[in-house]
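Heads up, the next two complexes both have subunit A, just with different partners, subunit B and then subunit C.
Our next item is the complex of A and B:
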């Protein structure tokens, strides 16, 4: 079973970042419940170095590190279907054709 | 921010960009963001980088460079030619990059829902704090706006960044693209509202020649010079603005006379040239202009003065051979450090570059005499406007150094005539000497006259002069010929001359010579 690893960059606890976190939680809990989902939230105000390393401009930014390929989504993730398409999730698994 | 916190006057920060601090009346408004707008290739990035570089070099102020377009690696490499060792400055914590350039390893992020540029702001603030930066450059806005297409969001976020910079007390420049040289200030129409101050860089194509100009469009609440000024981008220096308005008519003028190198000419000029004056020698090809500049140089060497000759028409060898032919040893003068000859093809550089390098030469050699042979050769590599600016620029510089200058100018026609050069510079020169061919009884002779001699009486005759192995010799006035200056010669009989003299005798007595 493949692991899904996500990082969400936010800039402070704004309503927009709260919205993004809530949307992402819902995705993990409802859409990706069959998978092992690892979610890390990084506040760039507290840890700007992380934003520097990943060259993040906009917040919220979601990075999917695993499974490869890496993907990025900017915004408060308001449309869950779009987010899943953009991230190419859930991952395609051989033998698991029916879903 | 309350009103009381604003200082009552707007402080400025010296940029250290040569000439720019002059046209901006002391630099960029301190603690604010200035938009640098220009078309592609108008040296915006150079300006942004130089703003930081000269801060480091001249005032030991650290800077943050936010790049949206070129990668830091590209910038480090591209700016090296200007003598800016960014890599070293980075190690010394004087220069920090905030890399917001497009990344190759991740495909363009997809936008879903609302966003802000909070991460960028956090990175910028972090970078500023980490080196205690006083200057920030952002290059360029257009690159952000093409990637993040939500103009309203981007504008709001830029406001946020700019006000954060203000809060942190840093002075910033922000570059923005324009699509055309004249028209909208910037492409997206949002940039100019973000910045209090706007500077426009232009890269104009005039008569197939490129000309760069810089114009300060607005400085909210503070003064600056109006209009556009030429500038150039040169290796090892970067942007150099040529501040024509720096020309102040406050050069000291002395009554000290210096020799032109010819006793007869000195006498015609009422005792020689003034020490800090500009003399224009105009004549057709072969009338003796190069000889005039050569003797002018030689006469300096005789009095232990240093002379600098800019030659744009003849090669070094040619000049030296000519001088030998007139009994002047340029080679020895150079050996003794009394002369420097700079030979250049006018075509090798733009006039702006030429002006900068000539200034550098004068600064370095510190001559008492400068000659340019010929000014009109430079005319062909520039537009009329560019040429005029060049002449004004070099003249004011020479006058400021309080040295004597001699320019030669070639007239396009062999007989009579005038050149564009004269039209442009006759009013800024202090003296004008005309050399003309005179056709007399089927023979070509040379005539010389002092047309103007500011602040002194002078000989008004048109005198014959000849050139031989020992230089130039000025002889008697042409008495029985008129129309020399126009080239329409008329033989005049002695009786006629006498009659005309009688006619004006009364007036002559009353008039004061001068």
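Our next item is the complex of A and C:
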């Protein structure tokens, strides 16, 4: 089973952030349930260095670190189909019969 | 009509070639050409401004390498006219050089002639090619101008515009985007922005400026092509101020709502058509308790005027009056309207005060309708009125008793014998008077209980006993009245108005019966004095005093 690593950058606990977190959890639980999904939420107000390293311009920004290639999306994560397409998820693995 | 001739300007061309060209061009029927011969390019310039210049034929020889004005002439002054070079042979190295300046084609000096069909073809092609090139230049200039205008619009746009490629990397930013993101275009170009995703038309982002400030922006995205590849135009609008205002408004609304909800008065705001646009919690609770649990008739969106029209006489008999009053306020006929009404509900009867005032809003006309439960005030007012009426009746009874006393003070007859010359019992014999008051009070209490519990019973023995007791201490009817009033006054200090009323009603009967018994007592005394009835020692004492 392949591992999926996601990092979500938010700016404080606003309604926008809460919505993004909820949407992402839903994606992990419903769309990526057959994968080991690692989700890290980074609040740029609490951890500005992380935002600096990744040159985050706006939030919510979601980065897929694994599997490669790295992908980055920004905006409304409630459009699940678009988010998955943009992140190239679920990953296609030859011989993997799960999907 | 003869068409005007187009000029061929021949620069530095020798006479033999001129003649040959003359013959070749005469073969072309339209347009007609005339030849203008000049020595050099500086002389040719005077003709370049003429409208009907067909072409320039420029003779090239090895000497021109040193003449720097020729390239400039071809590239600049004659750029709007096709220039055809005249050379010695095909291998002439000047040909390549001349093409770099921008000539259309070349003619070989010795190959010009009527017998050479290529001469005419070369000239025609040169003219056509130049025309097409001019058109192309014009189109390019137009496109460039259009692009420049578009860029001006984009650069002057207040919204930040970013073009990102399919990987989400920044390909273009306008000055507004630089300002919004707090970073220069230099830093932003090529940087990862992220693949933009929206659900619907737009979405909100928190923009992290370089200086640490956070702005709220509204993002819109459209697909486009950028440098022959798919790209996305992301427009960002700073809505920080709008969001702050919205939050402030929400806070203010929450504040107003909290105040409204803290009130026990039931409040609804209706628009000019009677549609309920807002209610407070007290309203919701009350209407639910009154039976409209789903808020179908009295909740937000329902029509209050309609609800009043449909209100049953049972629940609100004054609904038509209320509706009329509401319309007088709505029409501006009066500044406010108030109505007291009784409301019957499963929870019991209640009294309400309905108050209607106009809604002070610029946005839409409407009304604020407030219903206050005034049941307690009404009950208190009723109790006060009852107490007042009771007090009046007490005074009346007192006056009645006093007149009775006056009547009983008339000269003694056989039936109304009374001891003469004695003062009031209260003054004469306070102990006996107080004992009588206690007795009388106990009788009042018993009378109250008999009535309250609807018990069969009689006070006759107690009345007879008290009458005898009072007769023995030579009480007068005045003493009976005083006894009654003292007892009632004493009871009024602690009894409820209802109890007091019963005391008064029962007391009225008791007084009369007591009077009757006292009269009987004295009558017995008279009879016994005549030897018909044997009475006790008190009667003897009374007799001895007479």
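Definition applied: the second predicted complex is superposed on the first by the 95 of 99 C-alpha atoms of A that agree within 3 Å, B and C clash if a C-alpha of one lies under 4 Å from a C-alpha of the other, contacts with A are read in each partner's own complex, and residues count from 1 in each chain.
Here is the rule we use: a contact is a pair of C-beta atoms (placed from the backbone, for glycine too) under 8 Å apart; a residue touches a chain by one contact, two chains touch by 3 or more.
Just so you know, these numbers come straight off a predicted model, no measurement behind them.
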Which of subunit B and subunit C A:40 touches, first, second, both or neither: neither
First (subunit B), second (subunit C), both or neither touched by A:16: both
Which superposed partner A:58 touches (first subunit B, second subunit C, both, neither): both
Partner chain in contact with A:49 - subunit B first, subunit C second, else both or neither: first
Touched partner set for A:74, first subunit B, second subunit C, both or neither: both
Which superposed partner A:83 touches (first subunit B, second subunit C, both, neither): both
Contact residues of subunit A, present in both the subunit B and the subunit C interface: 10-12, 14, 16, 44-45, 48, 51, 55-61, 71-79, 82-83, 86
Residue numbers on subunit A that touch subunit B, as the complex places them: 9-12, 14, 16, 19-20, 23, 44-45, 48-49, 51-52, 55-61, 70-79, 82-83, 86
Residue ranges of subunit A touching subunit C (in the complex, touch as defined): 10-12, 14, 16-17, 44-45, 48, 51, 55-62, 71-79, 82-83, 86
Residue numbers on subunit B that touch subunit A, as the complex places them: 98-101, 103, 105-107, 109-123, 125-127, 144, 148
In the complex with subunit A, residue positions of subunit C that touch it: 168, 181, 183, 188, 191-200, 203-208, 212, 214, 217, 219, 221
